[in-house]
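First chain A sits with chain B, and in the next complex the same chain sits with chain C.
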Partner chain A sequence: MIQVLPFEIGNEIYALELIDIQEVVEAPKLHPFPAAPETVSGAIAFHGRIVPVVNLPLVLGFATCQGSSRVIVLANQYGPLALAIDRLRPLIALEKSFGKDDESATKESLVRSVFASGNNMISLLDVNYVVAAIETACTSRGEQYARTSSGC
Partner chain B sequence: MEKEKYRSMFLVEAAEHLQAMSDILLRLDSDPENRQEIDALFREAHSIKGMAATMEYEETARLAHRLEDDLDLCRKRGYMSAGEINQMLAGVDLLEALHDDISQERPERSVEFYLQALTLEERSEGPVSRERSQPPPGEEEGTKIAGAAEPLLIQIDLVDTVPIAAPRLLVLLKRCSEFGIVLKSWPSLEHILSDKVDGRLLVQLRPQLPTKEIHAQLVGYSEVEEISFPKPVVSTGLGARPQKSASVRVSTERLDQLINLTGELITTRYQLQNALKQRHLKDLDDGIGQLSRLVKNLHHQVLQVRMVSLRALFSRLSRIVYDLARSSAKKIELQTDGADIEIDRAIVEELVDPLTHMVRNAVDHGLKDKDVGVISLKAWRDRDQVLVQVTDDGAGIDPQTIRRIARERGLLSSAEVKMVRDYDLYQLICQPGFSTVDTVTGISGRGVGMDVVKTAIEGMGGLVLIDSTPGAGTSITLKLPLSLAIIRVLLIESDGARLAIPITRVIQAIEISPAEIHSSSKQLMVHYQDAFIPLLSLRKMLKQQKGGKMKELPLVVTEVMGRRIGLVVDRLIGQQEVFVQRLAPPFDQIPGCAGGTILGDGQVVFLLDLQSLLERRKKRI
Partner chain C sequence: MRIEISYKFVIGFIAVVASVVLLNLLVPRLDAPEWTHQLITVIGALLVGLIFGWLFSRAFTANIKILTEGAERLSHGDLSRKVRLQKGLFSDETEDLSNSLNLVVDSLRNLVGQIRGSALNVNESSMALATTAEEMTATAHEVAGSIEQISRGAETQAEMVERVSRVVREMAEQIELVADSSSKLTESAEETTISAREGEGLTNKALESMKLVLSQIEENGAMIVDFSEQVQKIGTIIDVITGIAQKTNLLALNATIEAARAGEYGHGFAVVAEEVSKLADSTSTSAAEITRLIEKTREQSHKVQLSMAQSVTSIDIGREAVDVTGNAFKAIINKAEAAQERSIDIRDLTEKQRHGSQAIVEAIEEIARVAEVNAAATEEVSAATEEQTAAMEEMSFASQRLSRLAEELLTSVRRFNLGSDHERTAP
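Showing the complex of A and B:
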């Protein structure tokens, strides 16, 4: 069994594996990060460290971000990095096989696999894709990164 | 693990002894009969020998032993000749190279050729026989700084088609032995005889013929594809980077101070807990006052641990000047002042290359047409900044030449060329590729010169200031922060966001009225001191929304890419000391941001890096 944390972005549902998450922070004060690319919405002070917050809807190509008050701080191996999402959903447990990278399920590199939960379809997000997208945005000198096929 | 611990101890201590040896040798150069110095030198070599032998660093111990022996002779004789000083310096250089090997965990390089060379030198310098032929001077290769003991490395590559290489190599090796004394060859004679070779021969020898002649004699052989003379493996001390130190030596006195402070902190904690329990506001207030005093003190003490004096760096530069003076046959006096000034060790490490470059520039360009000159190296503290200055008494920089070049390369418009002050012109020599000298010399290749210095210094939050008086000399001043981690910043606001600018980058923060603003070809300018400086809007640079009209315009006067500018911000908040956090990759790549800090009220503030922000704008255009 693996545990995943689903969250909404636009009209889609994504999820992260629990082991990829360090903490979910309630209503942190988001400080402006003026020089950062558009996909970085700001930074929070998290346990004495500066953690940039990535606007995940924007990275995934959704134009509008409804902006939850909560942000997801990723596990340390991804560097200090937090994700802003639209709305959190309660934790769910899955059969382990769901967590495996599933080539046939989707062509989108940002989704590791797709599974059903009740009536909903949930896409398990590949954190490395998000990290790579942010790297591109930061190193390509502030140019906005956007998914080619817009989900809006 | 124990060995590892002792290894790092050895490295630290050996580095200090080597530094001391270098220093003493430079002093002996002007006072060769100073017995106390020779004695001290002997003791340093002796210490290195002992340490290296204990650690089983065989080559280091052998070399140190030889130096010790030679010094013992000098000690008994009561003086050191110039040749001996040079020889000894070359030995110290080799010890440094060995030190490098050990710190990089490589096997130690062989010192055999040095020991051989030394014997040779002794014979040629000795009172009895002088008939042994010296390597002919005058050739480019013959005038090397490290003295007569300069071995030559010959590399011979055979063509691929040669069927059996061994006999060829044997012939070539034999031929090489006629050019001088062969110190070593790769492959060795035994290997060649046992036929374990490929098509390359490396020969290290003490040449008795000019390099050109050797080349001419070898080039006639068939099946030889290429003959080259790679640089010898011995470092000459120039440009060799000291290892970044991973460990710090702390005096027990300082440690005791730290322990006392922590003790006091514990006491204060109990006071505060008590005061809270008893709801005693007065005690609580006292306790917090005490706490802030202690924390400030602790902070200061911990910073001190990272501080090192500039002494080692200065003596390194002395050595460079000494070598440069010899190689360019000039008489250069180096005056140093302020070697005791302390600065964060990370900054000192970053300073090696820029200062080396500046000193070389001073010799090569400043004193270009002079045979005798003075270079002064000065450091002093000004509040929380350290200033380091390199001054020469040479020809200075001609402002007209810079005007012409700036105009030719399109760095300034003709209008600007007329308007700009000499002082601002000088800052232009830090522009990439800017050179006032047409020829590039061996000492300092221009083109990638001062811009590298400037980039390095500004990367640490410092500033480079250039001043020159034609005919009287040039002085370059580096303004540096005391520490990289804790710096003083100017807090400003732009479109609701707070930002920090390192105070070392700020020339002045002022407020101007819109009436003071002039416009020249759509560029807004303002009169500052006795020149016009362009105004740049921070909001615009950060692609923020346009601001409304203001009665007073807060302005940060700073210097970017060699030019003064006025940065228009929304509000000047004030100065503060902050602890800078470097951002983790990839966020450290963001142009315009040099790190961040969390203020006392929990607010996250980013450090503005104007240089990279403007560079990005330039690239986009």
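Showing the complex of A and C:
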């Protein structure tokens, strides 16, 4: 039995496993990062730490974020990182056997598996790939910024 | 000395006889033959007779001639001279005849003079009378014309008076109708005054009721405002509860996350967190329901406030209208009372008018009767004037005829020559 936290991005429903989540907090005032990539909306203060907030819809290829009042702070093993989503949905419990679906089930690397809940199709995100995609975006942006700064 | 003619012939005869006697006595004494004595006596008697005859016939013939001439002058109308006989020693009947003739002449002269004077006077008077008659005829014609005009005027007057009488009777009938209408008007004005007073009373009651309703609505409005404020406070509290529920839900979610991270050890905690989350969801649902009800209540109360504001506005308008109506009723009462007083005055005046019109009708009828009598009298006067005019014309013709007769008489009398001196004597 695993528990996932579904949330909406655009018209799609995604979910994260609870063990990958540190905490869900009210969306406080965002502090923008200078020269940050577009996927990083800003940073929040979380229990005395500065946690960057990633615009997950942009990472997933959606146009804009609708701006939810909740921000999902990922577990510590993924570094201090928070995800901005559109809207939270109630917790869902899945059978343990559900586990990881076969590799052919999803072509998309960010999605661990897809399961149905009622009439909805929910995509369970793989946090590692999400974090990697964010780091890639930040790295490319950092290199671009370094080139731009040295050029100046 | 007066000796009548017969006596004169007797005296002449006696003188002849005396001369014969005397001669018979004297002749013998003459120295004449005797045979001559008779002759001489006869001749002497003849001579005496001739002398006396000549004397007598001469005097007599002369007087007769004078008388004849006087009579002839008289027959020719010459009255200018009197018959004057020659003075003889012995007057006789010829003198009486002369005197009588002179008396006749005098009488005729006086008569003719009087006739002439009278004829002149008659002529003048008749001419004056004719002139006067003509003038009077003309005047009578004018009078007749005037009388005719007066007669026509009297007839017209009678007709006009008849028409006036008819009109006045109609007017009197109309005045009667006006009097009846004014009485009804007075009754209507009284009823109007009573109705207006009742209306004023009802208006005052309506105004008081509206004021009461308005005050109640104002109180209700204040209560609704207070209720809205209370509902607003409830909404605020519900917002707080909703926020608490959301935070509780969030806390429950985070507790669930912590329990999940705790693994098997956090199972009980997860159950509690789930129950807490359910309670928070239930609280949120209830709060949302309460919020929805509050929103509905707020909308309803807003509608009620708007409706009450409109009601207050309408009541204000109604109160103003009722005030205006009350003032209008007061004005109506004043007007109705004034109208009532005036209608009473009108009723009294129309009553007087009715009496006056009745008197006018009677007077006009009297005038009509008088006018008819006048018209009839004027016609009689006109007829009398025409008769008078005819009589005046006849009198004018008679006076003219009289004047002609006077002229004829004067012409006839002019044949008599009276002379300038009546005492002129015949030659």
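Definition applied: the second predicted complex is superposed on the first by the 140 of 152 C-alpha atoms of A that agree within 3 Å, B and C clash if a C-alpha of one lies under 4 Å from a C-alpha of the other, contacts with A are read in each partner's own complex, and residues count from 1 in each chain.
Just so we're on the same page, contacts are C-beta pairs under 8 Å (C-beta built on N, C-alpha and C of every residue); 3 or more make two chains touch, one makes a residue touch a chain.
Predicted, not measured: the structure shown is a model, and the values here were computed from it.
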- Message: For the combined arrangement obtained by superposing on chain A, do chain B and chain C clash, or do they fit?
- Response: fit
- Query: Which partner does A:79 reach: the first (chain B), the second (chain C), both, or neither?
  - Reply: first
- Task: Examine A:36 and indicate which partner it touches, taking first as chain B and second as chain C; both and neither are also allowed.
- Result: first
- Task: Considering only touches as defined above, state whether A:48 meets chain B (first), chain C (second), both or neither.
- Result: first
- Counting touched residues of chain A, say whether chain B or chain C comes out ahead. B
- Message: Going by the contact rule set out at the top, does A:118 touch chain B (first), chain C (second), both, or neither?
- Response: neither
- In the overlay, answer first, second, both or neither for which of chain B and chain C A:138 touches. first
- Message: Is A:91 touching anything from chain B or chain C once the two structures are fitted on A? First, second, both or neither.
- Response: second
- Item | Least Cα gap, in Å, left between chain B and chain C after the two complexes are fitted on chain A | 20
- Shared contact residues on chain A for chain B and chain C? none
- Note on the structure: The chain B residues in contact with chain A across the complex are 494-499, 542, 544, 581, 583-587, 589-593, 596-598, 602-606, 608-609, 613, 616, 619-620
- Touching chain B in the complex: which residues of chain A? 29, 31-37, 40, 43-45, 48-50, 52, 79-80, 134-135, 138-139, 141-142
- Over in the complex, which chain C residues touch chain A? Could you list them? 247, 250, 253-254, 256-257, 260-261, 270, 274, 277, 281
- Query: Quick one: in the complex, what on chain A touches chain C?
  - Reply: 3, 5, 18-19, 21-26, 70, 75, 88, 90-91
